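By letter and in written order, the chains are A, B, C, D, E and F; residue numbering begins at 1 in each of them.
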Amino acid sequence: MQYPYPLLNPPPFVWTKDENNPNPKVHEWIQDLSHQQGAIDWDHFDVAIMGIPLSRSSISASSASENPDAIRRAWKSFYPYNLEHDVDLTELNVVDLGDVRQHVTDIAQCHQNITDAMAAQQTHHPNVFPLTIGGDHSITAMLVKGWKEVHPDQEVGILQLDTHFDLRSLEEFGPANGTPIRNLIESGTVQGSNVHNIGLHGFFNSKSLKDYADHVGLHYKTVRDVRKEGIDSIVKDALDQLSKKVDVIYLTVDMDVLDMSGAPGVPASTPGGLWTSELFEAVHLAGQHPSVKAMDLVCLDPVKDVAQMTVKTGVHVMLSFLTGYSQRKNA
Amino acid sequence: MQYPYPLLNPPPFVWTKDENNPNPKVHEWIQDLSHQQGAIDWDHFDVAIMGIPLSRSSISASSASENPDAIRRAWKSFYPYNLEHDVDLTELNVVDLGDVRQHVTDIAQCHQNITDAMAAQQTHHPNVFPLTIGGDHSITAMLVKGWKEVHPDQEVGILQLDTHFDLRSLEEFGPANGTPIRNLIESGTVQGSNVHNIGLHGFFNSKSLKDYADHVGLHYKTVRDVRKEGIDSIVKDALDQLSKKVDVIYLTVDMDVLDMSGAPGVPASTPGGLWTSELFEAVHLAGQHPSVKAMDLVCLDPVKDVAQMTVKTGVHVMLSFLTGYSQRKNA
Amino acid sequence: MQYPYPLLNPPPFVWTKDENNPNPKVHEWIQDLSHQQGAIDWDHFDVAIMGIPLSRSSISASSASENPDAIRRAWKSFYPYNLEHDVDLTELNVVDLGDVRQHVTDIAQCHQNITDAMAAQQTHHPNVFPLTIGGDHSITAMLVKGWKEVHPDQEVGILQLDTHFDLRSLEEFGPANGTPIRNLIESGTVQGSNVHNIGLHGFFNSKSLKDYADHVGLHYKTVRDVRKEGIDSIVKDALDQLSKKVDVIYLTVDMDVLDMSGAPGVPASTPGGLWTSELFEAVHLAGQHPSVKAMDLVCLDPVKDVAQMTVKTGVHVMLSFLTGYSQRKNA
Amino acid sequence: MQYPYPLLNPPPFVWTKDENNPNPKVHEWIQDLSHQQGAIDWDHFDVAIMGIPLSRSSISASSASENPDAIRRAWKSFYPYNLEHDVDLTELNVVDLGDVRQHVTDIAQCHQNITDAMAAQQTHHPNVFPLTIGGDHSITAMLVKGWKEVHPDQEVGILQLDTHFDLRSLEEFGPANGTPIRNLIESGTVQGSNVHNIGLHGFFNSKSLKDYADHVGLHYKTVRDVRKEGIDSIVKDALDQLSKKVDVIYLTVDMDVLDMSGAPGVPASTPGGLWTSELFEAVHLAGQHPSVKAMDLVCLDPVKDVAQMTVKTGVHVMLSFLTGYSQRKNA
Amino acid sequence: MQYPYPLLNPPPFVWTKDENNPNPKVHEWIQDLSHQQGAIDWDHFDVAIMGIPLSRSSISASSASENPDAIRRAWKSFYPYNLEHDVDLTELNVVDLGDVRQHVTDIAQCHQNITDAMAAQQTHHPNVFPLTIGGDHSITAMLVKGWKEVHPDQEVGILQLDTHFDLRSLEEFGPANGTPIRNLIESGTVQGSNVHNIGLHGFFNSKSLKDYADHVGLHYKTVRDVRKEGIDSIVKDALDQLSKKVDVIYLTVDMDVLDMSGAPGVPASTPGGLWTSELFEAVHLAGQHPSVKAMDLVCLDPVKDVAQMTVKTGVHVMLSFLTGYSQRKNA
Amino acid sequence: MQYPYPLLNPPPFVWTKDENNPNPKVHEWIQDLSHQQGAIDWDHFDVAIMGIPLSRSSISASSASENPDAIRRAWKSFYPYNLEHDVDLTELNVVDLGDVRQHVTDIAQCHQNITDAMAAQQTHHPNVFPLTIGGDHSITAMLVKGWKEVHPDQEVGILQLDTHFDLRSLEEFGPANGTPIRNLIESGTVQGSNVHNIGLHGFFNSKSLKDYADHVGLHYKTVRDVRKEGIDSIVKDALDQLSKKVDVIYLTVDMDVLDMSGAPGVPASTPGGLWTSELFEAVHLAGQHPSVKAMDLVCLDPVKDVAQMTVKTGVHVMLSFLTGYSQRKNA
């Protein structure tokens, strides 16, 4: 079989599945194209996972490129059943498309491939929800641009969970992991006022970035705000505001939004961040909202992880989002 | 001296104690039989600790068998005084009976020894509270069966703190660490409706287990429930309900109920679990309740631990329970 | 240039600074004397940092002596801008004076140097706020004594964030990290009733120490109290009470007050402690209070750290305090 | 496709292969049955790999059960070309049959499955060389017994690379990882004098085991002997002696024969062992010898590994053996 | 002072030096330009160190970009005196020029800067020996090209200590860390027959690369050869052959040539490599040889290191080379 | 029972022993005084072990104070039978006297206790061989002085296995771990020419120390010498020379003599050191020599250890020495 998405490689490995298992685990539930018999029924899929093994565009050294495979290995320990919400994810059809092709020394080519892959996905199967596993945060600019190529008339908003603004200078850094939101604003892809960033904390943004954010009308909430107002209220409010302004909400989860006690495996991880349970609530709410049409999860470096804590959290984020997404579909 | 409990070995090592220390630490306060002069005054003891160095019955590879000794080494850093409740534990007489004998390749024999050890303990010294340090969770089924052998007319209920139901199929796994509650229900030792499980979270139970739990009338609360209702309220309510239905409440603490940021040393540790302070509150409340007659602590794997965090938490759980137990005695 | 503080060595290394950087990071903002041109304008400085690389006076083996340099290396990752309070720290002038000289085998000499260094600092530049980075907790007794040498008529109170009373016997341990508060009380430097300790938890103080604390009228709050009353309320209340009784409040932060999930790099770290966000709030409030005239941060052992978590937390504590201090100056 | 070996499960995962890669890596070269089209041409295979994920029969707690998968993941980093001997392994056809089925709590059943799997392999495809990846050392007794079931008239000898005799009492331990050689001798499967053990060192065998070894005429060489005589000479001599006495030499490699500086990932790893390069030489020589008809590699615990050192060494051992095996075929 | 090398940044930090220390350690001996008073006397320097914090051109994820600073921190533990050869390095004048500027997302620009920096160094101070600390192995191609720009008529040979050929396809990978030697050969910078590679081992080069090496007449020796012939003999022989063919020998040390027991901090580290003492001998011999005119040390990833072992080895390699270089000067 | 050695505390813990075990492990073979019935038969003992939990006198931060207990825990994994030399250590009677008392803040008192303990041991039981487990290297000066107090007329020589001279200035450091040999020479306890140091390597001694060593006639051999001449020859030669000059040889083993690949758990561990097997040979030879009358093992820091490698090596050093000692007795 020729691989139908020429910009992607199949997943590097596939789990052997017991087709008759009445209680499949996540690795038995998530499908891959190599196991499809005959013509692929694309209408069948609800969600497509794409891995992006790129982190050479990270400002600080990162092995986030190894994250897509780390996530694939770790999800073997999970069941696609959310007891806390009594949601059975096996009603969703999720396919792992594999990894977007990357080049070793040509970062611009890597980025073009990412844009093209998102564009192809939305061109050919616009009803399949794209869930992207990074990679560093530079990919978000490329993915949103790919989306806009296919949907030029849609107004896109960003719901960002992050400890940084990611508004650093494109002149200085290029399309790195510190610049994707600036990139989207300066390129006219997204309006500054259509970005809602939740979870900023600590001493990790210069004052000039905050001034820029204010200048472009970007909305943001700190972890201190979250503790006072509650994560539910803040996320619902952001979704509510965004959905009034935009056609599509793109959700981007930078794992450095988490407190490092629960997420040591992020190069920029710090104390004072969100608890994992707060992040799970946040993405669960986003999953439920009909305007959220794409999601990525970035900056998780499995090589820096301790006791596989952050990778497990990454899987949990993905499944929490899908719990909400499943509820949305059944609503 | 011949060891009075033939099914147990003495603790593998004993701490040297300064008999005149006016401020003994935990290792100087907990007694062992080898230091008893003359005939042992069994009426003297309030609590008997038994170690169970068994984890070859664990589904995933585990070194929980090394936990009893890890706990014994770690408790040297603790004082038997709880400042937060102003409770002086030295008023309790606690003896470390040592470890139940295990066989290297005959798991059935290991399990029989555990049942027999609990039965012997309850036969000869029924007024001494048995506090068991595992080992994997398979031991709970054996311990409760041992209790029932001696007290066949007592209705036994279970207060379980766990992220799993432990209701997996006995046919498939045998008496493993995923099956003890199923084992107790199917063997008629405990009624399903007399099991209260608190702390379930995440994606670690298949839907079929939840359906089974519902079918047998098992009660359960998730971490999400705990955050909404408060650990105090939930535990008190479970104790209250149970004490109306049963004669004896058996408390079993699976350390995987904890959030892995505070408990990396558990093979099945995950994000989204209880905070250690919530678990300390829970067992403290159980310690105070007059119906709680036995306790175990399982699935702590010291080899997987980071910075000795989970083992210290294990000691803290034990001492928090004994704080409540001391208050119960003085009430 | 001869180093103006003969009891201190310059910092072991200095970061290369881009003088023209409009967005300096912390290592570019904090000054050192070796980069001063011509005569030093001491009136220019608001805060002086002193490192104390001493931990051979620790009861348990500790590498807290390596902490001052670990903090200096880690602060390169931080910006001197607090987004959560919109405070720009670059308005403060902070100088790193370097490390107080220590002797390898003469602990008494080490301690005398610390007292002398604080006395010299307060003699020559009494308007510069001394912020000391330990080292183990024995240094607090020496620093407060140095302060009192210069200000003999001031009544000094202590705001202590700690899981221990640090009231152990001087006869048994000498001026170790378990005895500084006892040392200050017994030497008549500080009255017991002018010590407020917040954050005690767990089983790490013998009952006799609690009795001594009660006897001398020391005030204390446990983590359990913090969770019930809130860290803000408890810290504000302590500052309020203290400021009515004393002329000067000395703030001492023992990092073992933290829950070990967020602070594995402390020899005595335990479960059940403060969250890092609670500690950040506490020192931020203390920074704002006009009576707080000196601060130290102790018992952080970078060799025991995991994923650099505790060292980053140490920097965060320092910057959170300075955020409050900046607000105090601008109030 | 029904799996042709009913006692085995297919490998838990398979690597995606680029069929057109002119320079395949090991994971692209080793075949699996799920990728076979139509009827499997068994005559095609030279070597069959079987994983045995069993370590609950280990005396000390071990995660060697996770080793087969760890080896499968690690071999992705290797090329099937040995530059030091200029041997291209792609001329060999190697198939990964998957893992012998194990039971969670019935060790006897696990062991029976292992014996049966070896018997089936030798019954149906006696010309395919069986290379088994453990698992703990208990499996060796089971594998040799399976061999003997099919080839009852063959005299089998053992070439053992090990720091232990593995002659401990069957009465005390059962068929554990300390007893396989005793098991084979006492069951009459192998004569004591047909066992050659190389690499014993340190203080890890009681004198009584040495006396037993002498009593049954077992041959052994210590690491000290290896250093004096050279690993080549000692291995060649053992192969030479054995091949005069037996029909078949079974090679068993216990990774604890290695010095722990190069093999931290073995529960019983100690200083004073073989260098990895010595072990590679040893198995390379065994691979060349026509009498060596089966091999296993045991007691590698990837959870205890440091920097993936021991797992990489395990792959290297396997490939070094196959280098010799390839030379044998081409000789 | 404006920095005299515009393509370099000064070292990120400088150690504070005791100018009067009669026994300076390495950090007090190695000079930096910021401490030079008045005009810099360039004739004064024997050796210039340049750091290259680039590893985004590495095929596998690497933090070798953090190595120059890791080396600078670690050399504080060393004395510039080699007892084993009784050589006092303080007779050499060594300056740390700092780091070649890198771009976050433009690898081609990074590489151009490296070439330019070497060209500038050789243009302005051709008598100062350039010792470069990488970074990944891609930099070697850039450095040799920079050299050739200034010395177009010199025939350059390469003495490479490496476990890989580094001859992978430029078409596939671009100027990555797997291709520098191919790059130099294909660009006509160096003739294949003027490359001598020592230390190849294991299964980490495809057969096609070996065929290419043979095709271009490249010379190579494996670790097996080293063990048989001795490192001294092999290195001397290579230096001898090279010096007859070329004007300049460029020494490149890829730390993956080492056995991973002593060098876990290399992404491609494997068992079966050189002992550290063999590598120290090799570079010591190269240091003595008058034709060796430049050196680099690459692929050391301090983030992957264990117990700082590999970083210390890196410093040791540098000082061992300088020991030979000092002997050369005094010969 | 009152403890007969007032300067020592009993071992902090004692292993439970099976008195009837025909194959005791090391922890069952080594005796302690608390298990002696009635009057102690001191003539019965061949060797007395003393622990010295002191490392606050170390120049760099060290937890070597935790080593005596780490060694006691680790020896449980060893048998007292040396297969490589066929020596059964159970013929020796070895007693663990416990730990010399230490003070938290008075290093001079600690050192006096050590001297007094050795003097008491030699006064009361001069025929029992003292084997001391440190602690840092400062203790060696104290132990030798204690010996000389009792045996003032004996000429004492030192066989030192070390990567350092330990000849640093007493004026600068006091009696620290860098000065013990200087201390002994300057105090007239030992003549410089009666010190033989084997294993120096790397860049860890300033030239001035080498000049001092030459000045006082100290003998030394580097690791490079060891590799050329063989460890056997060098050690035998040193013992031979020493025994002609002195009455008593004191053996001191600083674990930093080892290559750090096998001994990461030493604060000053470096590459380029002795292999563990070379050290085992060295101490085995010393054990056999009749002039060697006392031994210590220092500078092992179990907190820095990796995979328990260095602690196991420490036990192996002790047992290798005792193997030789046993052969001496039986010679």
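General observations
The working rule: a contact is a pair of C-beta atoms (placed from the backbone, for glycine too) under 8 Å apart; a residue touches a chain by one contact, two chains touch by 3 or more.
As the structure is a computational prediction, the values presented were derived from the model and not from experiment.
Any chain bridging chain D and chain F, meaning touching each of them, is among B, E; the list is complete.
With centres computed as the average of Cα coordinates, no chain lies farther from chain A than F. In this assembly, the chain whose C-alpha centre lies farthest from chain D is C. Where chain A touches chain D, the two copies mostly use the same residue numbers: shared numbers make up over half of all numbers in play.
For the pair chain B and chain F, the distance between C-alpha centroids works out to 43 Å.
Computed from the mean C-alpha positions, the centre of chain C lies at a distance of 40 Å from the centre of chain F. Looking at chain D, one finds that residues 259, 261-262, 304, 306 touch two or more other chains. In terms of inter-chain touching, the protein chains here follow a pattern that is not a line, ring, star or complete graph.
Per the contact rule defined earlier, chains pair up in contact as A-B, A-C, A-D, A-E, B-C, B-D, B-F, C-E, C-F, D-E, D-F, E-F. Residues 55-59, 61-63, 65-66, 103-108, 138, 173-176, 303-304 of chain F are the ones touching chain C in the complex.
Interface residues of chain C, counted against chain A in their complex, comprise 22-23, 26, 77-84, 86, 88, 259, 261-262, 276-277, 280, 306-307, 309, 312-313, 316, 319.
Considering their complex, residues 200-208, 210, 222-224, 227, 259-262, 264-265, 268-272, 304, 306 of chain A touch chain C. Chain contact summary for the complex, chain D toward chain A: residues 9-16, 34, 98.
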